[in-house]
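A, B and C label the chains in the order they appear, each numbered from 1.
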Amino acid sequence: MNVLQTKGLSHHFKGLQVLFGVDLQVRQGEHHAIIGPNGAGKTTLFNVITGTYRPTGGQVVFKGQDVTGLAPYKLARKGLGRSFQITSTFEKQTVFQNIRMGVMSRRGIRFDFWRRVAGMDGVTRETEEILAGIGLVAERDVLACELSYGKHRALEVSMALSTDPDLVMLDEPTAGMSKEETHATVELIKRLTKGKTMVMVEHDMDVVFSLADRITVLYYGAILASGTPDVIRDDQRVRDAYLGDMEFSHAF
Amino acid sequence: MKRPVVWLAGALAVLAAIPFVFGPLHTNLMVRLAIEALFAVSLNLLLSYTGLLSFGHALYFGVGAYGAALILTHLQGIPILVAVLLSALAAALVGLVLSPLLVRVRATAFTMLTLAFGQLMFVLCSKFREVTGGEDGIMGWTTPPLALPGLFSLDLRQPVNIYFFAVGLACLGILAMWFFTKTPMGSVMISIRDNQKRVDYLGYQVVLTKAVIFCFSGFFAGLAGAVYAVFNNLVSVGGVLHIMVSFQPLMAILVGGIGTFFGPILGSGLLLLLEEVTQAYPELALMISGVIFILVVMFLPGGAISFGARLRAWWRKRAYLRKARESEA
Amino acid sequence: MSPETQMYLAQGIHGLAYGMLLFLVASGLTLIFGMMGILNIAHGAFFMLSAYLCVTVLGATGSYWLSLLIAPLGVALLGILVERFMLRRAQASGMGHIAELLLTLGVSLVLAEAVKLTWGTEGLQVNVPSALAGLVNIAGLEYPIYRLFIIVLSLVVLALLSLVLFKTRLGTIVRAAVSDPGMVSALGVNTQIVFMLVFGLGSWMAGVAGVAAAPILTVFPGLGDQIGMDAFVVVVVGGFGSLFGALLAALFLGELNAFGIQFIPKLSPVLMFSFMALVLAFKPTGLFGERE
């Protein structure tokens, strides 16, 4: 069954067409990577699916419901979580407080102003479990802005997962990381998304091939190919599209 | 017992003792402090906790003050607490009515819009003299006693009684806001300040949360205004809606320490002391305000409260060095 | 021409003159905002100060034209000093735009009081320069020449501004920065000097407007309050940093003001704010703005 499906999704900014009728299908439980050369419209596709912009044409179907143009908070409540390419945490708050925001949302605690949040033992326990799972126990009371780059990125990804979404969308989770940090983050994502449906945009082909069961190639705002890593690897059109892209050819 | 509880009990004991230790003159000063502090803390909820700078908070203060004056003038026999609460609710209602516009703008646009609304109310209240008395304002109503039928009745014209009335309400209000910052919704509020986009993507309704905060902040600003009306027995546009009424609590927050909860209370106290000292030169009041804004922003952005923290750090460092020297010897 | 048409025409030109004056003030304000992200609350006070400087220069030299040259330069210099020694320090405070707003608010309060201490609180009159005194006949309507001069002067200053913006290197940098704030440092320019110059230029425009307005208004300490507030409305409505938006908004508000005073004098200040609220309700970034 498809958890997420887009039908003829298109989008333009002030007359500049970025997406041309994208039909993306993401099945239950799969790890799906969206790749493509720079300017292919990957981030726009992401933003249109997660409610940042309302698409100028087409439909987004999530868990069988039409969610086209729904506000981000509504999508989040329906079970869609996302991370950002540019780290976007609550920088002046501790790691614990950052994750707790996700836990509160997961439990539907949103307009509660008659109880102390520190006194909610369930929330505290669950937050600490998540911290243990992502290996940030030692950094529990460190401000997010004081984390090392790799750990800050890990927090970014973990926040997307902290609401326990049915579908998590990661926008270049390893952007700007060193080799060791990338490796650690790939392991983290593998562990955290086990049994979950995940969609990611990624430039690093090593990351793509070690995480994805299925790959969709976006090229000038349209889908060029979609299939298992092996199929994509051997697709001649994909090779042509990437001709000259060192990173990609290197990966083969 | 937990430390905060001890602190709280101590502070309340001191507050309760003040009128008996000092005379009525100083209790009046304390009433003004209570009103200013409550007002400043309500504004601080927006400034330090939601990251929004308002230049028009006098709007809520004024609605609360005019509300109390109108209710006490026209509805004789209404219990004083009901009148004060209704006035505060009116201010909260104004916050609710304006919130569809206020939630849409951020940063400088928010500041300008609040400035506009504040000035708008000032103009309206100056022009509609039939209701508000225009420049002269409303005065001379009989303030009913604070009473529970058959139990007690306190005449609020007595300094000691108005002291307990004002300080009591201010303490309750400030404690309620302090508690609010510690609740889940308080966490959402702080997170909106830090990163509104992320709050949205985590599944929280930013718009509705902000609207609730505006009502909340407006309610307590209105409460401060209502207490002001009861205390002064006079409400005029110049006294409760003028733009300087919006700037006063801003100054208190800055002087005390932006980004802290208790800074504004300290700041209100310091400003009141300054006012007492410079009272002989009223024409210098605006100049002093301006200089304070400039100096604090440039040289002490953490406010007076950060001074305490700096002092503590310095003291700790000294103790540490001394210990190091001793262990060396 | 019927008296009614005459009234409409007179109010129309009145509105145009005020609108152009307003645009002169607001364009300096929006230029600074577009470049530096700072809304200078003291802008109205700069306008007022310039009118006072005009009084003094006029008293010393007797020449209105000399004061039109000197007073705005004095204000520009003050603007540069405020930017160099105060704003730059405020920006390091970590409070973001809040620090800048509060600091410039402080500057405006201090200026208003300093003016009272120097020139007193009495209103002062500036005579219309003799070359521009008198009336001109527009289709049967007797209209003061000086108000037409304000329109012309505004156009001249704006022509100068567009020359700077479109023909100089400074202008290129400013335009790049307004459309993309991240660009400036990427251009490899000494941004600090550019900021200082832009702040000076914006203040100078407020100064020119102040001198231009002095002969038709009484010079008093609260002179800048009304136009300063109106200029904020113009900048917000037109869209932060948008000169074209500011032009439309200023002209519209000028007319709104003129006819508002004519027909509903009691509520004319309310019109301005209501209009601003209305625009923000539908477009939070203002008519032609993309930033908040």
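Here, contacts are C-beta pairs under 8 Å (C-beta built on N, C-alpha and C of every residue); 3 or more make two chains touch, one makes a residue touch a chain.
As the structure is a computational prediction, the values presented were derived from the model and not from experiment.
Enquirer: Measuring between Cα centroids, what's the chain most distant from subunit A?
Expert: For subunit A, the chain whose C-alpha mean is farthest off is C.
Enquirer: Using CA atoms only, can you tell me which chain is the most central one in this structure?
Expert: It is chain B that sits nearest the middle.
Enquirer: Could you state the distance in Å from the CA-based centre of subunit A to that of subunit B?
Expert: Subunit A and subunit B have C-alpha centres separated by 43 Å.
Enquirer: What is the distance, in whole Å, between the centres of subunit A and subunit C, each centre taken as the mean of its C-alpha atoms?
Expert: 47
Enquirer: Nearest whole angstrom, what separates the Cα centre of subunit B from the Cα centre of subunit C?
Expert: 34
Enquirer: Could you pull out the residues of subunit B that touch at least 2 other chains?
Expert: None at all.
Enquirer: For subunit A, write out the residues touching at least two other chains, lowest number first.
Expert: In subunit A, no residue touches two or more other chains.
Enquirer: Which positions of subunit B touch subunit A when the two form their complex?
Expert: It comes out as residues 179-180, 182-188, 190-191, 194-195, 197-206, 208-209, 212.
Enquirer: With touch defined as at the start, can you tell me which subunit A residues reach subunit B in the complex?
Expert: Interface residues on the subunit A side: 50, 71-73, 76-77, 81-82, 84, 88-93, 97, 100-102, 104-105, 109-118, 120, 159, 162-163.
Enquirer: Under the definition above, what is the set of subunit C residues touching subunit B in their complex?
Expert: 33, 39, 86, 89-90, 93-95, 97-99, 101-103, 105-114, 116-117, 229, 232-233, 235-236, 240, 266-267, 269-270, 272-274, 276-277, 280-281, 284-286, 292
Enquirer: Which residues of subunit B touch subunit C in their complex?
Expert: By the definition above, subunit B touches subunit C via 47, 53, 55, 100-101, 104-109, 111-113, 115-117, 119-120, 123-124, 127, 247, 250, 254, 258, 283-284, 286-287, 289-294, 297-298, 301.
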